[in-house]
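Look for chain A in each of the two complexes below; its partner is chain B in the first and chain C in the second.
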Partner chain A sequence: MKKFFTSIKQYPSAIVGLILILFLVVLSIYVVVAIPYDQAIRIWRGGEDVRGDVPRTARPIYVNWFTPQKLPTTIVIDSADPGAGIEKTRTQITDDMWDIQMVLPFDYPYDGFPQEMQLILTATYEEKNPFVTLTWYFPDGERIKIADVTSRRNETVRFDLQDRLLRQLDGVPPRIALLSVPESDPPEVRQGRYELHVDTIVFEEGSDIEAKFVSMGQVHGIAGTDHRRRDLLLPLLWGAPIALAFGLTAALGTTFTTMFIAAIGVWFGGLVDELIQRITEIYMVLPFLPILIMVGIFYSRSIWVLLVVVIALSIFSAAIKNYRAIFLQIKESAYIEAARSYGAGNWRIISRYLVPRIIPILIPGLIGAIPGYVFLEASLALLGLGDPILPTWGKVINDAQMNGALYNGYYYWVLQPAAMLMITGLGFAMIGFALDRIFNPKLREV
Partner chain B sequence: MTETTFITEEMDTPPEVERKRPNAWLRLARYTVGKFFSLFLAVLIGMYLTILVANMGGYVDEIMRAQIRDGISLQISMDPEMRQRPPAERNQLINELVEVEERRLGLDQPFIGRSFRFLYNAMRLDLGRAQHITSDTGSRFVRLVILERLPPTLLLMTTASFSLFIISLVFALFLSRNYGSILDKIVIALSPTSSAPPWFYGIFLLLIFAAVLGWLPFGGMVAAPPPEDPIAYALSLGRHLILPVAAWMISGFFASVFGWRTFFLIFSMEDYVELARAKGLPARDIERRYILRPTLPNIITSFALMLILLWQGAIITETVFNWPGLGRMLFRAVQTFDTPVIIGSNVIYAYLLAFTVFLLDFIYALVDPRVRMGSGGPKA
Partner chain C sequence: MAGDTLLRVKDLQLFFRTTKGVVRAVDGIDFELARNRAVVIVGESGCGKTSMAKAILRLLPKNVDTYSGKVFLNGLDTMTLKDEEYRLKMRWVKMSMVPQAAMNSLNPVMKVGDQVAEPAIIHNDMSKEVAMEQAKTMFQHVGVPLDFLERYAFELSGGMRQRVAIAMSLVSLPELIVLDEPTSALDVLTQANIFNVLKRIKEDLGMSFILITHDIATSSELADDVAVMYAGQIVETGDAHRFFAGPLHPYSIKLMNSVPRLRARQEPDFIVGQPPSLLNPPTGCRFAARCPSRYEPCDEEPPTVNIEGRTVKCWLHVK
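And now, the complex of A and B:
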């Protein structure tokens, strides 16, 4: 083992590869612990309960670090959140009318306009709905009425859909007009401190209201979001354990079954060997990917089912020829002869004497095969045969392709999962490459 | 795989055959015919497996039933006499005829018998009508759809594979001459990049050259509408070919160059090459006669193996680049659940693979004198 590490040190690329893999492994363990499987699936699959205040196809936050223009982030001000420090003043007007006043202030230091603006009202009442008046205060103290709302228990006021406001603003969408310098064309952002006054009249003693103002930005989170308002950080993180599990299992499964079959063929020889070689020939003309696609369509899209099919389709791969050549040499060794002479059975010789000898030769190929399977999973996802449940990198790229991400300029959507795939691919390929040279002295000389 | 064939043939030919040339060609012919039949058998078995996979969900039966019903309904509705009858009576007649036809085609028989009939039809690409996909001429026959999509795939694949093959071979020879140079080290360092498939680099190329720079088209085979002038057409085709071929080159280049370079280096350490060098033969002659010549069978093998990989990889690359070939067709068939087309693609890919393997074996036999002369098989 020590010798192994000293020899691997001679290959800087192997060190880089090891670091990359280590990073992925640590990331995978962290993700699986921090976001348990069920929770990850629930967030990824979405539903009313998980939909947060997330914009659609928002770029990642780090975009702002590289551009002089600062795109708006998502602003959320919630009166129910004690941390926001929103003061609520309640005054009695008449016997059965109370006035609740709230001011939701926020700074707007950005250079772009938000994607959407909305106010979510949560009212508590028995029978009589509260009446809410929303007023917008500009930094210079001017104001404009946004809407009068008779609030239900859950009421969402979308600013862009307020007809009266829209008319008042000459058809400019409120999310732009409310934040721009007056009379500017094209609209320019007016930076400063804005206030949204929520003035509510309630008609019951116990009636109350909470308001949440959401301005959805053009950047969101460290990974951005997709067309379904899902934070892309989740699939980027969760893609790692899935890719590792798939790649590793597929590589192990195919390599070992193939090797074992080669060993059986060589040991028994004759008809068995002949049969195995014929089957290999048939496997050579089997269209691997189309069959995989067919299985994906007709049976199941679960990547674990596809994993089994991948292994089954790779058992009699061309690699059998290589293993065969090596086994033919080993078969003639004296220690095999010795084992046979003391009466060891066929299976004992195969599993205890033939197979262990080949494992060191196998490892570089095994590690080198992992990226292929990781990319295979991504390729299937790209064809629309991705696992419908799991958040994988390929699925993200597929979504991006389907929504014309490159065409529409959502580069982050493709580049981030691609970078993760590249890290995985390069990591394993670099190690496999170095191991190949360590285990094959003939390669080392040149 | 090829080895056993050689050995068996060696055994059943008497040793004195080697002296005359015509016999050598006879051997070649016999070898080729044998290969042809064994490959044909392989395709048959492969296709049968495909049909088994497809039929597990009863999809093959569904295709046949739908086809029968379609045909009979059409026939009835075209019949002027039938048009007079009330709809209920017509439906009953259709149902009866469908039943007769299904019995005639043996759909009421056990699957095992039917599967062979279907295999026969599949091998002739006689898969009836596509459910959603049409050919450019408007036909729905799977055979026509597939045959129409074949040329674009062949164009893309041959361009990509030949340019990758030749450029990497030439470059590898150059590197093996200057091994240890900085360029050599760079290639070695970059060879792990080949672990990513072409579509992966395709996405980056699209991002740079189509989205950001806008120099090259996002996809497709020719500009829309296609130019009338043949020269303009060819230019447009070339413009659309650049990115997919480039994606292929990037993906395969470094590993391929590294592989060849190492291969040539190992060969150039053989004693007879050393001797040639000691004799003072020019480097070019050594390369051509002492390195390339004996490695030719290996070079051909690896070229064919690359082609086999290409056929499969084409599916996704064509999808990414919107190339109107077989791969793109399969992708659309997947999306619309067009079963006849999916099975048809399997057949055509099996044929393409078998054809490649056959060609490989044939050229191999031409190039490798051991096959022709029967003086023993190649080393394992």
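And now, the complex of A and C:
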């Protein structure tokens, strides 16, 4: 093992490759521990309740680092959150009327308008609904009434849907008008400190209200979001363990079974060899992708079913012919005959004399095959045959394509999973090249 | 050949099928070997020495045409055993072999210690640890330093590899070892060394050897008996002393004269022509075409004549 590391040190590409793969492995382990499978699936598949504050197709936050214009992030101010420090003043007006006043302040230093604005009210009462008045205070102290609401237990006030407000603003959507310099055309952002006053009149002693203001930004999270308000960080992270598991299992499963079948055929020869060769030839003409597509359409799109089909289709692949050629040569070595002469059994010869000789040839191929299978999974997903449950990189690209991401300028949606795929491919390819040179010294001079 | 008989070979035949026809590599061989003795089998290249060794150990290639005759070991007819039975009961248990080019007969991806222990693990049902102890003992017998146990074959010199191969043939303590040209690729000093090792093993462990070689001079060190092969047949057998003092068969005489002498001022002799093709051997005496003493009866198959415990297959000795 030590020798292996000293020899691999001579190849910078191998070190880079190892670092990339180590990164992916550490990431995978971290993700699987931090976001357990069930939770990940729930978030990925869940409804609006999981992601009520998340904008649609928002760009990643890092976009702001590269542009002079600062796009708005999502602002959330929740009176129920003690960290937000919202003070509630409650005064009794009459015997059965109480006034609750709240101020939700926020800074708006951005250069763009939010995607949506809404206020989510959570009221507690027995019978009589609280009555809420929402007033918007501009940085210069001017104010505008947004709405009067008779709040139910859960009430969402979407600013853009307030007809009266819309009329008052001459048809300019409130999410723009409320944040722009007056009379500016096209609207310019007025930066500064805004306040949203929430005045509530409750009609019961124990009645109370909490308010949560959400201004959905144009950038959200470090990976952006998709058309279903899902944070793309999740599939980007969870894609790693799935891709590695798929690639590794497929590569190991196909390479080793193929090699053993070739070894068995060569060692026993005769009818066994003949049979294996003919089966291989039949398998070689089977169309790989169409069969996978058919399985995906008619049977199951589960990634694990596809994995089994991929392995089953690859066991008798053309690689058998390659391994057979090498085994035929090894079989005639003096030491194999010696082993036979001292009475080693068939299986002992196959496993301890034939197979170990081919491992050096096998390993670089095995490493090279892993990204191949990762890409295969992504390609299938892109063809619409991705696993419907699992968050995978291919699935994200598929979603992006279905929603015209490139056409609409949502480059992050495609580029991020593509970058992950490229890192995976690059890491394994770089190690594969180095291993090839370590195991096949003849390549070193090249 | 005195003493109790360990190995008796009767009319052993091994023919190969080739595209050109049937090669009669081993064509009716009879000989005996007593316990704790070494027989040296000499002969030119291609006269069937290795084939005979393989026939005795039943290590047959795929293209066997005929494989018949009897091989008795301790009175047991091994030819009646089934292949699997033979593998489990005979190979390396009773008889083992140091193959030709033994240097290359080591697994390149196995440490030589493990390699030497292999036969013991396979045949004597030893655990790995016990087998390794056995391997160590054998390394001491053949004079390989014990720290070589952890090395791979390619890290060893030719002589050391040869010793390892011999250790491997000893490890399961068989009664008979067939050594197929164990020193052919080695320098003279190493050859002498290895023959000393074999001599000591023979004395210490009481084993019998069949030693196949071209090298008559060096092998005379070890030989108790000599058998001369020509064109798939044994033409002369006898105890070593008397053989080296005066061979009987004209071929043996020529062969002995081809060995350079150290003291006598005598040019090494050679034999005109080539051995006959085994595809289609001549009728009668197979050496007749090259024999200086050829006369009329030689067109007929010569009988095997017994002269005071020696045998010779030649008309000259028929009385």
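Assume the second predicted complex is superposed on the first by the 442 of 446 C-alpha atoms of A that agree within 3 Å, B and C clash if a C-alpha of one lies under 4 Å from a C-alpha of the other, contacts with A are read in each partner's own complex, and residues count from 1 in each chain.
Throughout what follows, a contact is a pair of C-beta atoms (placed from the backbone, for glycine too) under 8 Å apart; a residue touches a chain by one contact, two chains touch by 3 or more.
Predicted, not measured: the structure shown is a model, and the values here were computed from it.
Taken together through their common chain A, the two structures put chain B and chain C side by side without a clash.
With both structures placed on the common chain, the touch criterion links A:Ile15 to neither chain B nor chain C.
When the two structures are aligned on the shared chain, A:Ala334 is found in touch with chain C, with no touch to chain B.
With both structures placed on the common chain, the touch criterion links A:Val76 to neither chain B nor chain C.
By the touch criterion defined above, A:Tyr342 lies against chain C but remains apart from chain B after alignment on the C-alpha atoms of chain A.
In the overlay built on the shared chain, the residue A:Ala84 is in contact with neither chain B nor chain C. Vertex at chain A: the C-alpha centres of chain B and chain C lie 60° apart in angle, rounded to steps of 10. Applying the stated contact rule after C-alpha superposition, one finds that A:Leu382 touches chain B and leaves chain C untouched. By the touch criterion defined above, A:Gly372 reaches chain B but does not reach chain C.
Looking at the shared chain after the overlay, A:Arg352 reaches chain C, while chain B stays out of its contact range. A count of residues in chain A touched by chain B and by chain C gives the higher number to B. Put simply, chain B and chain C get as close as 9 Å, counting only Cα atoms, in the superposed view. Shared interface residues of chain A, touching chain B in one complex and chain C in the other, do not exist.
Of all residues in chain B, only 1, 4, 38-39, 42-43, 45-46, 49-50, 53-54, 56-57, 59, 179, 189, 191-197, 199-200, 203-204, 206-207, 210-211, 218, 262, 265-266, 269, 305, 308, 311-312, 315-316, 319-320, 330-331, 334-335, 337, 342-343, 345-346, 349-350, 353-354, 357, 380 touch chain A in the complex they form. Those residues of chain A that touch chain C in the complex are listed here as 269, 333-335, 337-345, 348, 352-353, 356-357, 359. In the complex of the two chains, the chain A residues touching chain B come out as 13, 17, 274, 277, 280-282, 284-291, 293-299, 318, 321, 324-325, 328, 368, 371-372, 375, 378-379, 382-385, 397, 401, 406-407, 409, 411, 414-415, 418, 421-422, 425-426, 428-430, 432-433, 442-443, 446. Considering their complex, residues 57, 59, 62, 87-88, 91-93, 96-97, 99-102, 104-110, 118-119, 122-123, 165, 168-169, 172 of chain C touch chain A.
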